[in-house]
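The structures come next, written out as structure tokens.
Both of the next two complexes hold subunit A, though its partner changes from subunit B to subunit C.
So, the complex of A and B:
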């Protein structure tokens, strides 16, 4: 049914197409932001300095992933129609499902590549910052103890700051951001198969993004009951129509020092696969017979 | 029915079917992840009034940590301007946003109990009685922050240590200690909790020092004595530990043959 080489060719073409839209400038801006955040606010405590760096960097990582997922996907189909490349591709023996999958893989490959680069830059700056603040904190501890500092005390100071520094769990948070972006990309692709304009896809995509994050609250209303009929109907409709993007929000607990279990990561990945397969299937059904 | 119409209906049915199937799964998954601590607590609508719509939407959009950092920085700026009412409200907001980061509780506690309280106490533009009253109120608020933090993170040795330090009145002038007297019983409990949760050995000794000072509490004196005896058996000797042990021997009427037979060591020389 699928032709892998064809899909990969379309995906690589999509990556090139997006790179020509100068999306990599965001990465440059990110690096500047991370370095600035890394060395700003020296007056706050060492642990807070590390946390600020992580918070700002993860905020930027999420912004990059979400904007890329929605905006770049929204641009793809209309641009192919406008440039007439869509007709050239579909005039050849290329099934529409291959075209959709190629576009989808292209976008998520670019997001994955961007996130890897940003994660590497962030990890490097965090490691440098961590080394500096641990040295400062240990020096201060030794000074405070007036030469009586013991090894256990120094180890405790170091361990406390290392917990706020570079840990493996931070990369699991990056994975969760990627999963969220992959789901949003599938959803944006679905919307763009029925959308009449790029703007419609972007606005609807962002609406799903916002509602998707508050969906836990609506779903709780739906399951707990005790509300008016209208509220019940509204919460039911929203819970059915939107994906629960809050399921991918492990970033906050991870930044607080939590280490997610393998079970948590598998659950999240499972949900992402469910949404992606579902939305791409619906997108295919809408696109396969569409008159272009 | 042509292919386009059929597929459109099929797509709608498929989309709704996914929605219906995912609903119970999402509910179960979210509960599971929340119980495991991998998801933040559910959105709190009280935050919306404090944060404003946009920041509240950002907290829902997975940027709660970033918003907490921003409110923390605002609190820090307010601290630099000595705007203590704002320091209190912004710290309260920050701790609500990220209750599982010990640093926010610790900062909030020290800002109120030490910085704000001392600022008011030495502000000569206010009447003395009012200064004393406001000192106590701010010190109390600092303790409340530390207590809330301990409730949120019961295994955090640093928060237990901070709370113990506040109850012990470890930092402060004699005048300040008169205005808000130490609570040695609670100080001892939290020092010991800190030690039991991985805190430094000094916290075990401090628990004993605190309990040794509680008036008319033979049960706590006995606990303090046992703790110090254990430390003594490891070879640890400091002027405070030996002097407190000797003091407890008298209070507990320890038979003379079981008492320490060594002088209180001199204080260590401090390098200058």
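So, the complex of A and C:
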């Protein structure tokens, strides 16, 4: 059904297109921001310095992923229709599903690549900062103990700060950001198959992004009296129409030191796959009937 | 088997909410035989582009059908045989000439070293070898048209669909495109072409269809369509002006009802004159 070579050709072209739109400047700006955040708050405590660095970095990571997912996807399909590049592509033996998958994979490949680079840059800066901070804290502790500091005390100081430093769970938070971006990309692609302009896709995409984060609250408010069968059905329909992005919000707990379980990560990944497959299927059904 | 078959094609568009419908093409039928060059001509809004889009599977017919080498053109397989040059070259401006060719080659299922070599060869044939590493954003209209032709030929199609191939191209470029169409014909490639330049259509086409207001109003072999039934033309070479009065006298004696409508030196076309002058100037 799918032709891998065509899909990869379209995906790599999408990556090239976005790269040549200078989106990598965002990554450069991110690196500058992370380095600045790493050494900009010497007045606060060591643990707070590490937390601020993580907060700033993860804020930027999420902004990058969401903006790329919605804005860059919105630029692709409507622009191809507007510039009529789509005519030339679809006049070749290219099934429309291959075109959609190529565009989708191109955007998420770029998001994944960007997140990996940003995660690596952030991890490096956090590790350096953590090493400096721990050394300072241990020195201070030893000084406070007037040379009487025991190994257990030093280990306790170190362990406290290591909790706020670089841990594997931070990468699971990056994975959750990627999943959320992948779902938003599929949704933006779906919207762009029916949209008449880039602006419409961007505005609608961001509207879904906002609503998606409030879906849990919405359900809590309406179904606080207990869930009947109808309420359950309505909730399910709402969750299908608009992704429940709250499912992917594990960044804050992770930054506070919580470690998500394997089951939680698997469930989150499963939901993301369901959303992606669902949105891409609907996008294909709409796009295959689209008259150019 | 016909290369192209358009059978009772009608296409109705919905104008928008509460604005009714618009019929772009009404009951159009024509066929193109393999190896033939077919010209589809007509004024703006006559339905040529809609017919072409239906043939390329970009639009679904409201009524009727279109097929390419016997395969319904809505099926992807039908487009394996087609190379398409759009009216205004619609390509990614961020890609270079070579990248564009490689991209379209891969879309056709080609790849590897043979594809790269084929792309380089086509770029050389279309005179774009020197511009292969430049981005399309910096190409002139004529260069875009030529890369459009090169990408249309990338998978060696059996049918070439050209939508206004010479639009915005200078006479020399236009002549090159004409030569390329004739070259395709010699290689047995079927060509379906639309153009506003009727002289060019006349030069290259075997058959033409004339469309107006969404209908096919005239269709057939070019030489039959443009032949004037009650006139006969003789063109003499290596003669002198003294022959004309003798001819007139001979005709008056033997065929008293025959009138000479025009006599004198034949004219070349402005296009040919332009090309002769500019080419001789550039060779100096």
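Worth a mention:
The rule we apply is simple: the second predicted complex is superposed on the first by the 273 of 292 C-alpha atoms of A that agree within 3 Å, B and C clash if a C-alpha of one lies under 4 Å from a C-alpha of the other, contacts with A are read in each partner's own complex, and residues count from 1 in each chain.
Just so it is clear, contacts are C-beta pairs under 8 Å (C-beta built on N, C-alpha and C of every residue); 3 or more make two chains touch, one makes a residue touch a chain.
From a predicted model like this one, the values you see are computed outputs, not experimental measurements.
After superposition on subunit A, the partners subunit B and subunit C are seen to fit next to each other with no clash. By the touch criterion defined above, A:56 lies against subunit B but remains apart from subunit C after alignment on the C-alpha atoms of chain A. Between the Cα centres of subunit B and subunit C, as seen from that of subunit A, there is an angle of 170°, stated in steps of 10. When subunit B and subunit C are set side by side, the one touching more residues of subunit A is B.
Of the two partner chains placed by superposition, A:4 touches none, neither subunit B nor subunit C. Once the two complexes are overlaid on the shared chain, A:252 sits against subunit B while remaining clear of subunit C. When the two complexes are overlaid on their common chain A, residue A:209 makes contact with subunit B while staying clear of subunit C. Legend: residue contacts after superposition of the two complexes on their common chain; A:47 is shown touching subunit B, with no touch to subunit C. Contacts of A:94 after superposition: subunit C is touched, whereas subunit B is not reached.
Within the superposed three-chain model, A:262 lies out of touch with both subunit B and subunit C [touch as defined at top].
Look at A:291: by the touch rule set out above, it reaches both subunit B and subunit C. Of the two partner chains, neither subunit B nor subunit C is touched by A:151. Nowhere in the superposition do the C-alpha atoms of subunit B and subunit C come closer than 8 Å. Once both structures are placed on chain A, subunit A residues 289, 291 are touched by subunit B and, in the other complex, by subunit C.
Interface residues of subunit A facing subunit C in the complex, by the touch rule stated above, are 3, 5-6, 8-10, 13, 16-17, 20-21, 83-95, 289, 291-292. Touching subunit A in their complex are the following residues of subunit C: 53, 56-60, 76-77, 79-80, 82, 84, 86, 88, 90-92, 94-95, 99, 103-104, 106-109, 111, 148, 151, 155, 161.
For subunit B in complex with subunit A, the residues that touch the partner chain are 2-4, 7-8, 10-11, 14-16, 18-20, 22-23, 25-27, 29-30, 32-33, 36-40, 42-43, 57, 60-66, 68-69, 72-73, 76, 80, 98, 100-101, 103, 107, 158, 200-201, 268, 270-271. Partner subunit B is touched in their complex by these residues of subunit A: 41, 43-45, 47-48, 51-52, 54-56, 58-59, 62, 146-148, 152-153, 156, 160, 164, 180, 209-210, 213-217, 219-220, 222-223, 239-241, 243-253, 255-258, 260-261, 263-264, 267-268, 271, 274-275, 278-279, 281-282, 285-286, 288-291.
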